[in-house]
Amino acid sequence: MKTKTLGWSREEMASLVAADIPDGAYVNLGIGIPELVTQFVRPGSEVIFQTENGLLGMGPSPCAGLEDAELVNAGKKAVTAIPGACYFHHADSFAMIRGGHIDICVLGAMQVSAEGDLANWSTGEPDAIPAVGGAMDLVAGVKNIFVVTEHTTKTGEPKIVSKCTYPLTAKAVVDRIYTNLATIEVTSRGLVVTQLAPGVSFDYVQDKTGAVLIPGPQVAAGGES
Amino acid sequence: MIDKRVASLASAVADIRDGASIMIGGFGEAGSPIELIHALIDQGARSLTVISNNTGSGRVGLAALIANGQVAKMICSYPRSVNSMVFPELYRAGKIALELVPQGTLAERIRAGGAGIPAFFTATGVGTVLAEGKELRRFAERDYLMELGLRADFALIKAEAADRYGNLVFNKTARNFAPIMCMAAQTTIVQVKKIVTAGSIDPEIVVTPGIFVNRVIVVAKPAQESQLVKEERCYP
Amino acid sequence: MKTKTLGWSREEMASLVAADIPDGAYVNLGIGIPELVTQFVRPGSEVIFQTENGLLGMGPSPCAGLEDAELVNAGKKAVTAIPGACYFHHADSFAMIRGGHIDICVLGAMQVSAEGDLANWSTGEPDAIPAVGGAMDLVAGVKNIFVVTEHTTKTGEPKIVSKCTYPLTAKAVVDRIYTNLATIEVTSRGLVVTQLAPGVSFDYVQDKTGAVLIPGPQVAAGGES
Amino acid sequence: MIDKRVASLASAVADIRDGASIMIGGFGEAGSPIELIHALIDQGARSLTVISNNTGSGRVGLAALIANGQVAKMICSYPRSVNSMVFPELYRAGKIALELVPQGTLAERIRAGGAGIPAFFTATGVGTVLAEGKELRRFAERDYLMELGLRADFALIKAEAADRYGNLVFNKTARNFAPIMCMAAQTTIVQVKKIVTAGSIDPEIVVTPGIFVNRVIVVAKPAQESQLVKEERCYP
């Protein structure tokens, strides 16, 4: 697959997300590429990570052998707590989320629509075990929703589409999309490409996308790059 | 004198009857009251409705309770995990029912149940398949779903320490659903690593007031679920 | 006023209430006579007092000079905390109350009706400053509502009436009434007198009451005592 | 670096504008942020809606703010007390509006506002004059009223200690409405007796997570309202 090597790496995508997180922001990170964001917090800025299972001030993974089965993140992986962290119960944690107190949620996607609809919890296949976790609460409650994802599926199908075919997580919630090919803003005008990965043309990205894209002011339309 | 300590795990769960609804604390293995669950397996009550965020892993703890055929219905947000095979198999075979609830809605429904609130509105799930059958209502130009408070006959909980009044403190992210489940159950049964004398927990730091707790049993060295799964242990 | 000296004293009324509180009960006490109940907890039994401003395990008043302006009861009087007490915020406190976790609430009344309606927050006079506090929450949420009050007003008007004329605190919530003349159970059959104060006859109590009373099994009907 | 400390009481309240809604912590004098209220009197914002359990006493703190004509409307449960004359006078003169809310409903409305819940149901107030105009609904054979979540532009709060992140701990029953008001306000301003270094408050005992706090100002020795009232002090 060309898309595996073309464009930004997972780390570069995480670093692009991190560059857009303001100093002092409270951020919830999903599983996968979003987890890498912690490594790219801009020097001189401080970001507080929340994990919905009851910790504000999540720190990096512990050193091997120092894991605590009772200190984990939402993906049930061992984490640490920074000085100044605090623990709370699930209702308080989701009060924080639902009440709009978290600034940014960074999460993966199976599909994102041109209107910012998100599908990231179920393929809808008849024998799939339905499991939603906190995804619906996060995207309904957090102020800014950043999706970070490969631009297409492993088989090359577009994940950015005019209309989601998978069951929705929520309607009209995604604000920005970071893929290996481009960064895209979800606006009332439509999907605006704000940045292209090196060596990637607007037309190429459009070709890999199931919805109409609009070139932003910094992006040259057409096939050159 | 108020003294909520009980003598054994068996006596702690003895009165759980067939058909009971049971909230079980924990987020994955963190906070999962594995010894109380095993006592419930020994006790044998069936046709249970279990409210818990997950469905356990391997063949121990909650997964073992399900594998043992004691659970008729799960109410949870995420019945899947790397080592969770028991629930998916029974679910595909039509042998266990599932009510899937978003995690924050599950937490708030439990808190509402404990707080005497029969229903509340949340934006979570609007426009999704989980909104089906739920009342939709608009407040200040936004759509919300009405969700019902959730109560249970029993709660099985793991905490760090308790006093004889049942005041509880927890350890790190093992706190998760425990405090709200303690509130929402008719009878709350708690396994703790230790009992401390009344007054030795600073009144400022009690997480769960004793009023929400009925029975306390000491399990000084609780098993670690992931370790048992790694060893491929199977209960009973 | 005869009623001032006839029948039980305030302390005796409080002691009758205390005798009906089971060992291990969680109890919320209103202002006035209910506050005296703490002094009459039966020997060998332990009762936990809640105060709705955020304390479970309220202890007796502090010694003079040891008052803490930040440790008060619902009447804003200085109190203490017993070993094993805990503090919590107002939403948690009323979750405890509304959720039915408190066993007994003992409170005063302006009027109680034959159906157990309670009026204890407002005279309804046009120039009265309306102030309800936690009364409506307590009577709606607590499992058993015990009213303790003088049988009549200072001017001799009945407080136990067929229908309240003051604005209601709640409908059909009162379980028992303790007055200086009698103890009365609110039942589906009506108001059943379960005990008469020494020297007080059933007919005398009925005469001072604005609703029909029924003599209980231990109470002789009529004018003797 | 996150640092929510501000330099002065005046700068802490500088941006409170005319017409703002303000939650003020405290149950009587316990937890009442008297120095922040006095700073608001100095600042002079008018036509305020104040949400607080009581209406102050004497001529200091909240009572002084009301006496100074800055408050157009009070939302509270108990606007009366032994030494409270200011509110009753203005209310009888028709110079201040009152929304009377039962104390538990007030607490839950504030918590709901902070938790993103636009409305919930409670049995409190059913069948009373406070039910007028509210939707009545039956759940499981009992009647409930629908109550709306409550938010505010600002909260003025008193706490015991904070760190630079705004994590808070409180003192005894001075906690009362503070944690939920911190959640329900757009901008939460807290006076604390002391600032401690980040990490010195055990993560298990933080009562209000810093995410709910915007500004922290040290008032090392806050005045005691009842003492000022006894001395017949008057602010300003």
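The first chain written gets the first letter, and so on, giving A, B, C and D; residue counts start at 1 in each chain.
We take it that a residue touches a chain if its C-beta (ideal position, glycine included) is under 8 Å from a C-beta of that chain, and two chains touch if they have at least 3 such contacts.
All figures in this text were calculated on a predicted structure; none of them were measured in a lab.
Taken together, subunit A and subunit D share the touching chains B.
Counted by C-beta pairs in contact, the busier of B-C and C-D is C-D. Most remote chain with respect to subunit C, judged by CA-atom centres, is A. Subunit B and subunit D have Cα centroids lying 34 Å from one another.
Inter-chain spacing, taken between the CA centroids of subunit C and subunit D, is 30 Å.
Taking the mean of the C-alpha atoms as each chain's centre, subunit A and subunit C sit 57 Å apart. Residues of subunit C found to touch two or more other chains are 55, 81, 87-88, 94-95, 97-98, 141.
The set of subunit B residues that touch two or more partner chains comprises 108, 111, 115-117, 122-123, 170-172, 203-204, 207.
Contact between chains, per the stated criterion, is found for A-B, A-D, B-C, B-D, C-D. Taken together, the subunit B residues at the contact with subunit C in this complex read 1-2, 111, 113-117, 163-165, 167, 183, 197-199, 201, 203-204, 206, 209-212.
Touching subunit B in their complex are the following residues of subunit A: 51-55, 68-72, 76, 81, 87-91, 93-95, 97-98, 127, 129-138, 140-141, 167-171. On the side of subunit D, the complex with subunit C involves touching residues 27-31, 53, 77-81, 87-88, 91-92, 98, 100-108, 110-111, 122-130, 170-180, 207, 224-226. Listing the residues of subunit B that touch subunit D in their complex gives 108, 112, 115-123, 137, 139-140, 142, 144, 148, 169-172, 202-205, 207. Taken together, the subunit A residues at the contact with subunit D in this complex read 23-24, 26, 46, 48, 50, 55-57, 81-88, 94-102, 141.
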